[in-house]
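Heads up, the next two complexes both have chain A, just with different partners, chain B and then chain C.
Moving on, here comes the complex of A and B:
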């Protein structure tokens, strides 16, 4: 295995692999990490790196190679799975897009938490994986820890999934929850989210719905088999929501929520009024994804939409899935 | 078809049986009887009877029969199940001709059950809630489409249930 990107998510994956070594061994999986790439260089050892040492010593670990980049090493590297966890860039998808292309081209399975490449090039990457007979999994790109693609692909295989509804951005959900509970303005709730570290200094992607729309595109393509692009999504952000709107909605038993919806005719992210008793009415930074199916009817999954450790659960789920497929389970 | 009948009965023994007779003789099957005792006026109590009637044209015959027995009929009509929706507009809702907005909602053949407004200062945006009802969900969806179009024209932010 090679880990590409060693920020908060990459480190969390490494930590959980170390922490769960006994469990992994018990289920017959002993991962050997031959390379860990970060911006300025990488740790490389074809006999397997000591992840704990890298986590502790960082660049002073003996395996550190200054300047070695993922882009140049991925093609010739001897490994089965490339785990792409660099920072999302939805403008051109780089550097993740190149990493994934290079990995598939050189016959490696890929697991990614990076939305950018999938939003921009979903059909291309899927076709490439199929032609190469490789697996490309991306559970961590949507809903953090929520295993929605696994559930859709495995447990709901007998179902036709016709629509997906959800709250796909924890930051905007936190802001709306604050506006509801504390009757404060959008700006006051945003400031609090920034102070608590839930919102970036520039919150545009979260509050204008671009992040949620990106995730909706991945759900539409990955689960409904559509060919949607970000520009297909009708997007309305949450910045115009007033405390008065929240209050008037409450009087009728509704909460104002930022909802993503996709079916074969429509794909949109916008504020909607959701009955307080609905399973979609989750608070705080939680995410929720509801699948409409023809046999099981509605299936709703709720969970942590962000956080490095939570996200690593989804990434390791994908890695273990590939392990099982390759081992012929 | 479910029917609703509101009549006024004297608060005396035997009155209800007298009123129910025409309903059963025209094939009605009683579902529920409610005496509105808190609305009693003099010796007269409003009574609401719901019943199923296969042939809806018989409702008129039942009404006539009750009137012949001097039983006042307040209303007699099919029960319509109503679907509801809340729509909230934010923006300069009043300055952009709220009467026109309401007229265009009403043109879509829905019932506006409630209009609630929160106004701060004239120069600031106001928030206005409409509670609308219609016999079908499709009709409500159509109305939402109309309101969204009005919202686009008048730069109003529209959120709905």
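Moving on, here comes the complex of A and C:
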């Protein structure tokens, strides 16, 4: 296995692997991490790195190789799974897109938390994986810890999934929840989200619905089998929502929520009125994803949409799924 | 495969198998059903029954064998999976308990929707399955269509699950929702539930929390690895809840919900105040199950807790899981 990207998510994955070594051993999985790549170089040891040491010593670990890049090393590396966790870039998908292409080309399975490559090149990457007989999993790209792709692919396999509805961005959900509970303006709620670290200095991606639309594209392609691009999504942000609108909705038993929706006819992210008693009416930074199916009816999943440790649950779920497929259990 | 029990759930499973034959074929699974057992006899054909014909013709189908019983035929039958769907009986677990024991003894995998045998004999049945190297799955026993055991066992495998909270009975949730929305008494809400077919003439199991407690026992044993019995659960029903209590709770932003809770210290089913914004605050006949984990934090699943077709999604999920394990994918 190789970890590509050693920011908050990469470090959380390394920490959980260290923390859960006994559990992993018990289920017959002893991960050997031969490389950890970050921007300026990498830690490399073909016999298996000591992740705890890397987490503690960083670049002063003896395994550190200044300047060694993932792009250059992935093709020749002797490892079975590449875990791509570099930062999302929805302009050109790089450097993640190249990492995933190189990994698949050189016959490695891929697990990724990086939305960029999937938003831009879902059909290409899936075709590439299929041709190579490799697995490409991406549970962590949507809904953080929520195992929605797993549920759709496995537990609900007998179902035809016909539509997906969800709150896919914790920041905008936090802002709308604050506006509802404290009757404050969008700007006041945004400032609070920024102070608490839930929103970036430039909150455009979150509040204009671009992040949610990216996730919706991955859900549409990964679960409904569509071939949607970001430009197919009709997007409306939450910046023009006023406390008055929120209050009026409340009087009628509704909440204003930023909802992503996709079926065979529509793909959209926009503010919508949701009945307070709906499973979609979750507050705070929570994410929710609801699958409309033809046998199980509506199945809804709720969880933390972000957070490095929570996200690592999804990444390790994917890694363990690949292990299970290989071991046949 | 053999279907044991041909009531609403058994028929729904047969219907979905017929309806989804193309999908099943596409994923490489062509179920051969060699026997369908009901109370007075069975349909038997070792070359595979025509389920559509049985659904249409019932006992006038040529495959019908009057008086042939599951108990007598399971041990000698040449089939790989026994699907036990007889009616739940939490007094002595019969006839389901005998069916499951006989199936495991004669080296068959088992899928069941029957709570009785698991509530009464979970450790015994699991030990028996393990010794025999067989699989015993029971997704449909709790939460209808909600794939909670699947999620806990597979997608969240890296997590330690430390507590489970949920609304496990749709009837009592419907009654409490009516009391909240229409400010009516328990008795008026119960009558409406009975008129709509959501509650039995004798609603004791539902409104006194015995059904929810049974499901909690299965969750405790199946997910937390405990060895709880029904008598370990502290149970309080909803019959003494008044519209005044519901109203007072509402004024403070809470809903009265009938909540099952289990961790290593407590197992209980009782009315509790849940914040309106909580993922647990679902209305109508919906069920909800929330898993507290050490990596993913809280993961919540919501869905239909009953309904033959919805339940068949869980049963077929289990059957397909066994197929996947065998085929190693």
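One rule holds for everything that comes next: the second predicted complex is superposed on the first by the 329 of 329 C-alpha atoms of A that agree within 3 Å, B and C clash if a C-alpha of one lies under 4 Å from a C-alpha of the other, contacts with A are read in each partner's own complex, and residues count from 1 in each chain.
Note that in this section contacts are C-beta pairs under 8 Å (C-beta built on N, C-alpha and C of every residue); 3 or more make two chains touch, one makes a residue touch a chain.
Worth saying up front: this structure is predicted, and the values here are computed from it rather than measured.
Participant: Given the touch rule stated above, what does A:307 touch, chain B (first), chain C (second), both, or neither?
Facilitator: In the superposed model, A:307 contacts chain C only, not chain B.
Participant: In the superposed arrangement, which partner chain does A:104 touch: chain B (first), chain C (second), both, or neither?
Facilitator: Neither chain B nor chain C is touched by A:104.
Participant: Look at A:269 in the shared chain and tell me whether it touches chain B only, chain C only, both, or neither; answer first, second, both or neither.
Facilitator: neither
Participant: So which one touches more of the residues on chain A, chain B or chain C?
Facilitator: Higher number of touched chain A residues: C.
Participant: With the two complexes superposed on chain A, say which partner A:259 touches: chain B (first), chain C (second), both, or neither.
Facilitator: neither
Participant: With both complexes overlaid on chain A, does A:242 touch chain B (first), chain C (second), both or neither?
Facilitator: Only chain B; A:242 stays clear of chain C.
Participant: Tell me the contact category for A:142 with respect to chain B and chain C: first, second, both or neither.
Facilitator: neither
Participant: What residues on chain A touch chain B, complex-wise?
Facilitator: 236, 240-242, 244-245, 247-249, 251-252, 254, 256, 270-275
Participant: Mind pulling up the chain B residues that touch chain A in the complex?
Facilitator: Interface residues on chain B, with respect to chain A: 86, 88, 90, 116, 118, 125-127, 129, 131, 157, 159-161.
Participant: How about chain C: which of its residues touch chain A in the complex?
Facilitator: Within the complex, chain C contacts chain A at residues 16, 20, 23-24, 27, 139, 145-147, 150-151, 154-160, 177, 181, 276-277, 279, 281-284, 286, 288, 293, 295-304, 307, 309-310, 312-314, 316-317, 320-321, 324-325, 327-329.
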